[in-house]
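Shared between the two complexes below is subunit A, which pairs with subunit B and subunit C, respectively.
Entry: the complex of A and B
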């Protein structure tokens, strides 16, 4: 991973009505940084300020050694001069033009000497080759968004901003798009800032997460272990049991089974296991339906008000979080250092929790 | 996509045929043989003078004004993403009318009336644009349109005041006549000036046709695709205003052409501005030439073309409106 100075650096202050946005963060030179937070937390405003669509009253935005905004020196590069692609929640395409001609709008604007992408490669990367001759009206929501992503990329941006590009899609389409966003992340050497309020999306896609709440950055860093309510484990597909439709996923602390994993043996996938789907036991269960039993040591127990708590279980170096009631913690006598077994229902690990790592 | 070449061909053929017809009919009919004689240069002097001095400027100005209004309307409808927008939306016609009414009120000659109309049109749009772009808290297009409506109303009141104050035997009919629009008294040199200004305004529209399409996208998306929408809008407004003001200055206010023709052209050829503009201009020329020819042959007293365009335009427009709205 490169140093932060080669990526995006943003420091923004924007007061509007009763809402104040005040954030500062830096991203790596490539990979996905997720801006994660609830609706109304200011994620989209941050993205708009980076793109120059909104001018932060005080701010500094730079990408690598290119400075896009520095209010201290009165510098503000307008949106149309920033080399950043923007994928909106719902993108508009020209209804009267074919997909190919829609794509050429961003493409033709860039002088050929300044192009950083190849038309056909981008089309192939997003799997829209078969759609080129079609009219936007005949595309599904997912296809439209893929075309919109391609259009943004064909303008040869040095930064890609995505504002909840899956928000208007149904669950099945979301999976389809996520696959392509993963391909962008893996094949393009450019930073992507991805706005989302979905933990599943962030876990699948992001390398780093910037958590925003009420216009402030509350946490920033690698995704693993950062998102509350669950744990993220990088695994490798050990085998696919086609007879039962489940895959065995290996990680440093052992292996577990997950249903309907869309990956081949040997491929690396990242799995998110929600804390409330993990039960704890002092002994391995017998005659129970749990397929996944992982032995570990209690590392920590969260101290928060309420009836339940998060128990961190160290499974050979991988942290697994279980959300259990305080009553259970007391009944089992759980405390840091205590051996325990994590029990995970395989069906709790669904498709949307599994992504390419 | 329909075949644009065929549409252009039909429209151009219609314009050519109609032009010949317009030269032939009128108070002094000219036979096709004589018309051919004029073209080949061996027609009687009297016929030559009817064609070149009387009918020529009028026919040509109908073509120029019709094409100009349709071009400006096409640009505005694309830019405002609204098929119900006419070139008058930012007050160019009302401004021109006020300029003309003022000039008539102070009893100056025809040339100064035209000049004042032209300047009034530019000034009105300039004022609307200046105020509209200062209302930064609002969507820029909405601010422009609302400012245009408000300023238009204000200028309309000023015109009403001038009509009230004007000499009822001399000035008032002149103002009213100007406001109704007419191509009857266009002199050749007026026409040349208007045609030159129209070409000047058309040039940026043609050169920017590809980008003008991008204005149909939401502002944020167009900007993120690298288009300076604010500057582009200013350019389009300036070009369309120039074209409209030049036309209105010689013809007075002839409504409906700039609203109806771009809309009809878009139904025929689709919204791509590069294709739409030539067709709209051809159809605008055909339409106004037909209306003007009707207005001078229908009865012994000329029917103002603005009245005829409204008579034809209103039902046609309602019919278009009742049809499904095409996507942009």
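Entry: the complex of A and C
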């Protein structure tokens, strides 16, 4: 990968109990790379190894020209000597220090010649100026995460690691923090590795995605084509047809079939359906190979420039997104309120788009 | 009464010396106990806690034997030209340190465990090295534990009797501490000075506990 020499390069092997993590990936020199996968897939372990908080038994970690770990040569740089910022999942502010002193903790430990950020600008970027004199205990969850992000940035990292920074927040706060993460992404030229199990966050924030499952990288590359434009449906496995290797998944709007679903009847699974794998029709098809036909009402049609558009179909309260050409939209006369049928090829719902809910 | 003042002064000196030395030894020991996953944690914690359950006279007896001319510690101190420790102030300090060890180590260990791994890891990602992390994060976050350790270590040493009796004897100015002086007064039926000493101890102990619980409440409110 051409970007490997400037960005982060990690190759890690970590065996612990019955779990083995074995991953290798590289990121671009800036922009957000999402580490995406279900809980327990090893995302946090990857971040901890990169930061030097956990030592992978076999591993190589480098950022640009700096080598942080190379077990083949017995090299392991301890966490405090890596220029690596870390935003933890839950509030991690020092309880005995005011917000200002929390911010200054890392700031003071970087020589002024090596600083890459301006204190006041960072405070302003994250909108925490009015909080400086407060104690962490008096802050809301969202405020704490903003202070934690500013504190990490003020240590002038050349890499920022964020471990599900929204996980402990309610929906309203999530939106607020996402806005600030987007600002960091757009205003700082440094690579960010962002751990998440939320497709919405990944689609909104990330440039590239590294999909992890059971400690392995299953897919890596740009977000578009992998996650862009699509819908997420929480389902329950209604039955497993072992003869055909196919599972019937139930949700509020009906049910559909997916191949190779690694779950037992009754278990909840979350399925991602890419917009480009959904076709629309005004009548249920006959004599076609589509196993999955879901009836719904057109809720909205996107109006970005280009030959195609996303049509949102409301299937009994669940939104399904179909990417179709404007020509088809005109030919079918699709408009909000119109009844339509979504046709989904079962094989489009592959292993990587099914995860535990 | 003059003898009593000497005994009180000696007691305070003994308690202060013991507490200061115990902080030096107890802090790394408590830190190790709070963080280790070694097999040795259980046995070491049990040894530290022994003075809590042993009668002080048992402890004093073994210390007397070990520090005496024929004991291993005695042989060592004699070979170093220090003489033997029983019936000296230094001997009392050594005995008190063992006797009060759990009262210093256990509050520190609990406080270190309560600090947890997370703030230390955060500090590491903010470029703080191991010593820096200990003094700027662990010590301030565990300050209630340090206060408890100091106060309990000091107060418990002030109140010791059995160990002193076994290894210290009753030498005014060197080993005759408050509790021994009180015992002497009662033996001699001198109840008036005995009341002064006993009442003073009672008031002192109450104040000490008031300070400990007061500070524990304050630091709980700050969190």
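To be clear about the criterion, the second predicted complex is superposed on the first by the 227 of 357 C-alpha atoms of A that agree within 3 Å, B and C clash if a C-alpha of one lies under 4 Å from a C-alpha of the other, contacts with A are read in each partner's own complex, and residues count from 1 in each chain.
Just so we're on the same page, a residue touches a chain if its C-beta (ideal position, glycine included) is under 8 Å from a C-beta of that chain, and two chains touch if they have at least 3 such contacts.
These numbers were taken from a predicted model, which means no experiment stands behind them.
In the three-chain model built by superposing on subunit A, subunit B clashes with subunit C. By the touch criterion defined above, A:105 lies against subunit B and subunit C together after alignment on the C-alpha atoms of chain A.
In the superposition on chain A, A:152 makes contact with both subunit B and subunit C. Looking at the shared chain after the overlay, A:222 reaches neither subunit B nor subunit C.
By the document's definition of touching, both partners, subunit B and subunit C, reach A:53. When the two complexes are overlaid on their common chain A, residue A:85 makes contact with subunit B and with subunit C alike.
Legend: residue contacts after superposition of the two complexes on their common chain; A:94 is shown touching both subunit B and subunit C. According to the touch criterion, the shared surface of subunit A, contacted by subunit B in one complex and subunit C in the other, consists of residues 51-53, 78-81, 84-86, 88, 92, 94-96, 105-106, 109-110, 137, 151-152, 155.
Taken in their complex, subunit A has these residues touching subunit C: 51-53, 78-81, 84-86, 88, 92, 94-96, 105-106, 109-110, 135, 137, 151-152, 155.
Partner subunit A is touched in their complex by these residues of subunit C: 118-119, 121-130, 132-133, 136-137, 140-141, 143, 222-223. Across the complex, subunit B is touched by residues 48, 51-53, 78-81, 84-86, 88, 91-92, 94-97, 105-106, 108-110, 137, 151-152, 155 of subunit A.
Listing the residues of subunit B that touch subunit A in their complex gives 1, 210, 213-214, 216-218, 220-221, 223-229, 270-272, 327-328.
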